[in-house]
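Below are structures written as structure tokens.
The same subunit A turns up in both complexes below, where it pairs with subunit B and then with subunit C.
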Partner chain A sequence: MNLPSPTLLAQAILSGIFVGALYGLLGLGLSLSWGLLRQINLSHFALAFLGAYLSYQLATVGGVDPLVTLLVIAPLFFVLGAAIHGLLSRFAVTPLNSLLVTFGLTVIIESVIQWYWTADYRRLASRYADITFRAGPLFVPLPELMTFLLSVSLCVAVWATLRYTDLGKAIRAAAEDAPIAAAFGVNQRTLAALLSGVCAALAGAAGVCLALTYTLTPSQLYAWIGVVFAAVMIGGLGSALGPLFAGIVIGVSEAITMALTAPSWAPLVSFSLLIVVLLVRPGRA
Partner chain B sequence: MRLTRYAVVALLVGIMALAQQASAAPSGPPVRIGSTLALTGPLAATGQVHKLVGDIYVEQLNARNGLLGRPVEWIVKDDQSKQDLARTLYEQLITVDKVDLLLGPYATGNILAAMAVAQRYNKMLIHHTFGIPSLATYDMQFPAWSLGPDPATTFPNTVLDALAASPKPPKTIAVVTSKFPSVQFVAMGAREVAKKRGLKEVLFLDWEFGNREFGPIAARIKDANPDFVWVGAIGLEGNQLLEAMKKIDYMPAEQFYMYPAPGPMVKAPEAKNALAATIFEEHAPFLNNPGAAEFVKTFNERAAKAGLADTAVETQAAASYTAWQILEAAVTATRSLDDKVLAQWLKTHTVDTIQGKLRFNGPSNYGDDLMRVKQVQNGRWVVVWPPEAAAPGAKLMVQ
Partner chain C sequence: MHVVGLFAAVAIALAAVPFFGLPAFYETFLYLVFHWIVLATSWNILSGYSGYFSFGQGAFFGLGVYATATLAAHYRWPFLATLPMAAAAAAGLGLALGTVVFRVKQVRGELFALLTLAVTFVLATVILNTSIDGGPGVYLSAVSLPAIGRTPASTFYLLELGLAVATLAIAWWIARSRLGTGLFAIHDDEDVAEVLGVPTFRCKQVAFAIGCALAGAAGGIHALFVSYVTVAETFSITVPLTVVLMSVLGGTRHWAGPAVGAAVITIISYASTTGDHVLAGKAAVGVILIAVILFMPEGILGTLRPGRTRSKRQQGEVPQAVVPAGPGDQDFPRPAIQSSTTGARVLSLREVSKAFAGIKALDRVTLDVYRGEILGLLGPNGSGKSTLINVVSGYYSADAGSIVFDGQSIERWPPHRVARIGLARTYQIPRPFAHSSVLDNVVLTAMFGAPALSRRDALIEARRWLDFTGLASKANALPAELNLHQRKFLEFSRALASRPQLLLLDEVLSGLTPTEIDSAVGLIRRIRDQGTTIVLVEHLMRAVIALADRIAVLDQGSLIAEGMPDDVMAQAAVKAAYLGTAANVAG
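Up next is the complex of A and B:
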């Protein structure tokens, strides 16, 4: 095996960090709804792709800056997320059943995307796409850098909110023991709807990042599920920073695998890491 | 004088009879043709192209009196890009819908599934774009995609012939490929062919189909710095690799993509001078083939109306149209719907299609390898090799 050059290795690691940040952002909402609401929301991925297509539409047809589309998509998805939560709560859906119900929802959203935008490939041609910075021998593409910064900002903001604010403490208390939290005046139903809305808005934000960096096709949403689930489980359910760290570890591991060996081995990395984590820390997930 | 009058009357009657025949609507019970297509799922982007082509062809066919004077009814079901579902639906088409004839689905795996069902019921199967000829062992299957029986040898030679005739023939090669079966086996063939022709392989790597991250792959190609990169890419993978190379400010001197998504690639500025495989492009000499110009015009209009991002006719649409041409030619010539009669006729005759004359008397019923090399030039695809198929005045451009 030939050793890769330092530049190749560094560039690969940089790619891994960027894609890992996207895993983290996609995993953030999923982790919160799974850990704090006990809902395994597969439709999170469909919402992220719907967000990506809406961003594409607003930017391509409406001429709106892709980042500005977030101002439309995030509130819209907040409402959508709260509505989905209302539906799941109305029928007292269990965590396992939520997986099945939201899978159905995923298929419906995918069909809607395909009906409106067709199965053709769509690429958001933004003014950011062609901008790349140089750092010595390394190249830093702006869309990936924006994704990284947005991902880190949102993860830290959610973490700080959950840790330091009364709202966050109430959400965590309700997740820990809803009846006791209610006895202390926590309105669990409202908080759950709020959190669900936030998770969907985070999916929308991840969607904007997807549109900025990837060519879109409806069925591609399934390609992200496995690796993001692994990031969420390694990072810890209900954790805000965990999926980001786990995502970056997975992304970098995949990238190094690609740089050193056959890239076809890369998909094994996320699940191998997951198995190792489950063996070493079985209570993690 | 009287004789002349009779002659004029007879002539008029003859003309009226001919006119009536020409404008006659097909009548009688419909000829039912059954297919599945990937209308949803990961292959849907191409499946919808085949659906549109089929709709156009059936309309044209019925407008010219159908098949055997009977209207043609196309029963097309959605196999959701799944092989197992394609298998079930072909069973259903034969046993429940009781179709007269079969046309293949889209994609190698689904065609293979349909082929097994056709074989079980002794039905002829004409299919559009089957990528691995050696797997097509059924006697009554007929390919519309003129790959030739051994594309893993013949086509890499065609590409390397084109490059050898260019002003800067490559001396080193990198072969990078998806593990998608129909591109991987040609990539493996390209390695062998390149070795025999004396090119030094500086990099080989493969990735799983569905890979999302091409940054490290692009970095490895840049590190190896080959004169020529053979990319065994299918669909979007070609664009993903191009984008990843652009992000690290790298463009190979020469690059070839096996089966890229043609629309997105031709629109990408970084794809300048990229090469790819094709059997048909929207220029002469292809437009001189029977039915080609009319089909291209209709397809362009209908694809735009259907909201397809890429409205051009290339390999997929051309192979799809060809499949229908083969079916019509066999039925018209034999005046039969008997699968064995039709299959026998096809094995002993050539068919004029929009991609050229096709024959089916070689191994696995494949004929000549009519694959061409096309290149992105000034924002459009043009065939550059072999010279007899090249667009008027087009030559292979090098970086």
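Up next is the complex of A and C:
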């Protein structure tokens, strides 16, 4: 094994941080719905891809700035998320069944994406795409930097809301013990629908970031599931900052693994981490 | 036995298909149906029966694919010789995984699903990056296919038909066997199953290994069928998810459910791939999955299954415990000496301690229970009574001290082993197996408790105990149809069918009406008269005084009094524990 140069390694770590921030952003909504609503929302990934394609469509055909598409996508997805929650809560599905139902949704959304945009690779050509900063010997591409900043600010905003506002306290109380929270005047149903909408909107935001930085193809959505689940499990269910930190840790370790060995070894890192976490600290779930 | 006959007839008819000289298309299509039947049914043996949903079927199938690919292509093994190796490799992976995973109590439900999915990706990454595959995939076009049928298509057809028949026969047999009974109990309440005598770890391991072996063999055949295997195709997420979908659609508690689901889904996907409706077919599968989970959670066969013969009697009716009709007294260990203090010890606790996160639930408790007595165990809420029962039955392991039951040190034993040698308990809040009938609930303990009866004998035994507790008329009802009193008596029946030497009763009288209490007290007395020693945890003084030969009192985890009822109740410490001291009242 030949060690790469310090610059190359630093560049790898930097790109690991960027991809980790995206893991964290994707994991944020997943973590909230799993931890606070007991719903394992597999369709979160499909929604993110739908968001990415919508952003691509609006930017490429409509000539809208990719960041501005977020203003359309977020409210739209909020409604979609609340509707999905309505379905799941109407039938009072168990966590395991929520996984299966939302997998069904994932397959449907994937089919819709593939029907409209085909399985061909799509790439959003924005005015940000080619801009790269130099920080000493390191390259910092603007789309990745934007993803990082958006991810960090959203995670911190959600964390602060949950921690400091009355709304956040009510949501956490309802997650802990819904009937008792209801007895103390918390409108648990409305809060759950609201939270579910926010999670979907976060998936939309992650989608815009995906469109900014990656080439899109529908089946690619499955590639993110394992890594993001690992980030969520390691970061802690219901936590807003946990998945971000765990995502960055995973991203960096993947990047280092790829720099030292071959890129195809990368999945080993996240999934081995996931297995270890599940076995050693299953109580976190 | 008509099911077996019908099954055999269909299998023979299908085996004759290749001799009609149909176009290869039909054989290939049916091969795919059988392929998915094997994968779904083998998945169901652990995951459907016991509720441990695995998302790792792709790993076991894929390991089979690559075992055959490697042995046949690289090492020039004859194809048929690679199949047992494919099965063994997959079973080995399943056993290794189970050895680690099944020891961690919390890894259930969605965590088990995620874990097995993660294992799939790890395995795929390793195979992709090592010489097993290395990236470009493995070609098997040079591997010769034995001429079992006249054409290659016929050969694959017959091989997969044989495997499908074997898989279904195994699934059918397991559903009726001791193993299946244990797996269904694990599905409903794993902790209770273990305490009632089901060796849960072994049941899961055996079921997992069998299911994995079958999936591995299917992988081995499929490797040659596709003749070019790649990691991306083999370990794709579709295998585990499709298998789950098929089984849930057909019904996971029925041996044939996954096969029905596999046939339906394979036909739908095939019909859509032949036309221009690939995406519509894919979306339809998603819609079906959602509809089935929401509207038909028991699956097709679970919904169509002829309804149980529901009991027509009124719910509120109190069953009158009757004089035992059948249980042979000779099977019971007769108490050697009836005197309450001079009999042989059946249970001895010495300095037993148990703490939870620093709180001492049991603090150096030393207690003897003598054969044939009823020992009343008293104490305020939180005094450690339930912990004591859980420690003795093996559900919690003691931090320190020794527990001797019937001459054997049991403090390190798993609960099912303790149950096997004749210790039974009831739960304060009844915990019946919700998906099993009242009768099957009792059959389980007769099969897994001390007598270890065959299913046939256990049925007879279980009916006796339902007669004994007056629940005979409810034998075919589901536990949800019983009222509280009847559920408590179901707890009794379940405990008694294991023919215990020692019966631990955890607040069996709480929540009952005065009439129901009288009937329960009569029942407890008759159980003792049969020769069973009883530890009675109870708050209701009237019943304790009426029943107990001796009384022991726990307070804050310590044994503060022990002796004859009148003497114990007169002690100052006992009064203080129950009523508070003057200082406490003043404070």
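As a convention for this text, the second predicted complex is superposed on the first by the 279 of 285 C-alpha atoms of A that agree within 3 Å, B and C clash if a C-alpha of one lies under 4 Å from a C-alpha of the other, contacts with A are read in each partner's own complex, and residues count from 1 in each chain.
Criterion: a contact is a pair of C-beta atoms (placed from the backbone, for glycine too) under 8 Å apart; a residue touches a chain by one contact, two chains touch by 3 or more.
The model shown is predicted, which means the values in this text are computed figures rather than measured ones.
Overlay on subunit A: subunit B and subunit C clash in the combined arrangement. When both complexes are overlaid on chain A, the residue A:19 reaches subunit B alone and has no touch with subunit C. In the superposed pair of complexes, A:139 makes contact with subunit B only, with no contact to subunit C.
In the superposition on chain A, contact is made by A:120 with subunit B only, not with subunit C. Look at A:111: by the touch rule set out above, it reaches both subunit B and subunit C. Of the two partner chains placed by superposition, subunit B and subunit C are both touched by A:267.
Once the two complexes are overlaid on the shared chain, A:7 sits against subunit B while remaining clear of subunit C.
In the three-chain superposition model, subunit A touches both subunit B and subunit C at residues 111, 114, 262, 264, 267. By the touch rule above, subunit A contacts subunit C in their complex via residues 40, 87, 91, 93, 95-97, 99-101, 103-108, 110-112, 114-115, 222, 225-226, 229-230, 233, 262, 264-265, 267-268, 271-272, 274-275, 278-279, 282-283, 285. For subunit B in complex with subunit A, the touching residues are 40-42, 44-45, 47-48, 81, 179, 205-208, 210-213, 215-217, 219-220, 222-223, 236, 239-240, 243-244, 247-249, 261, 263-264, 267, 306-310. Within the complex, the subunit A residues that touch subunit B are 4-5, 7-8, 11-12, 14-16, 18-19, 111, 114, 118-123, 132, 139, 141, 144, 214-215, 217-220, 223-224, 251, 254-256, 258-259, 262-264, 266-267. If you check the complex, the residues on subunit C that touch subunit A are 53, 100-101, 104, 106-107, 109-111, 113-115, 117-119, 121-122, 124-126, 128-129, 135, 236-237, 241, 244-245, 248, 279-280, 282-283, 285-290, 293-294, 297.
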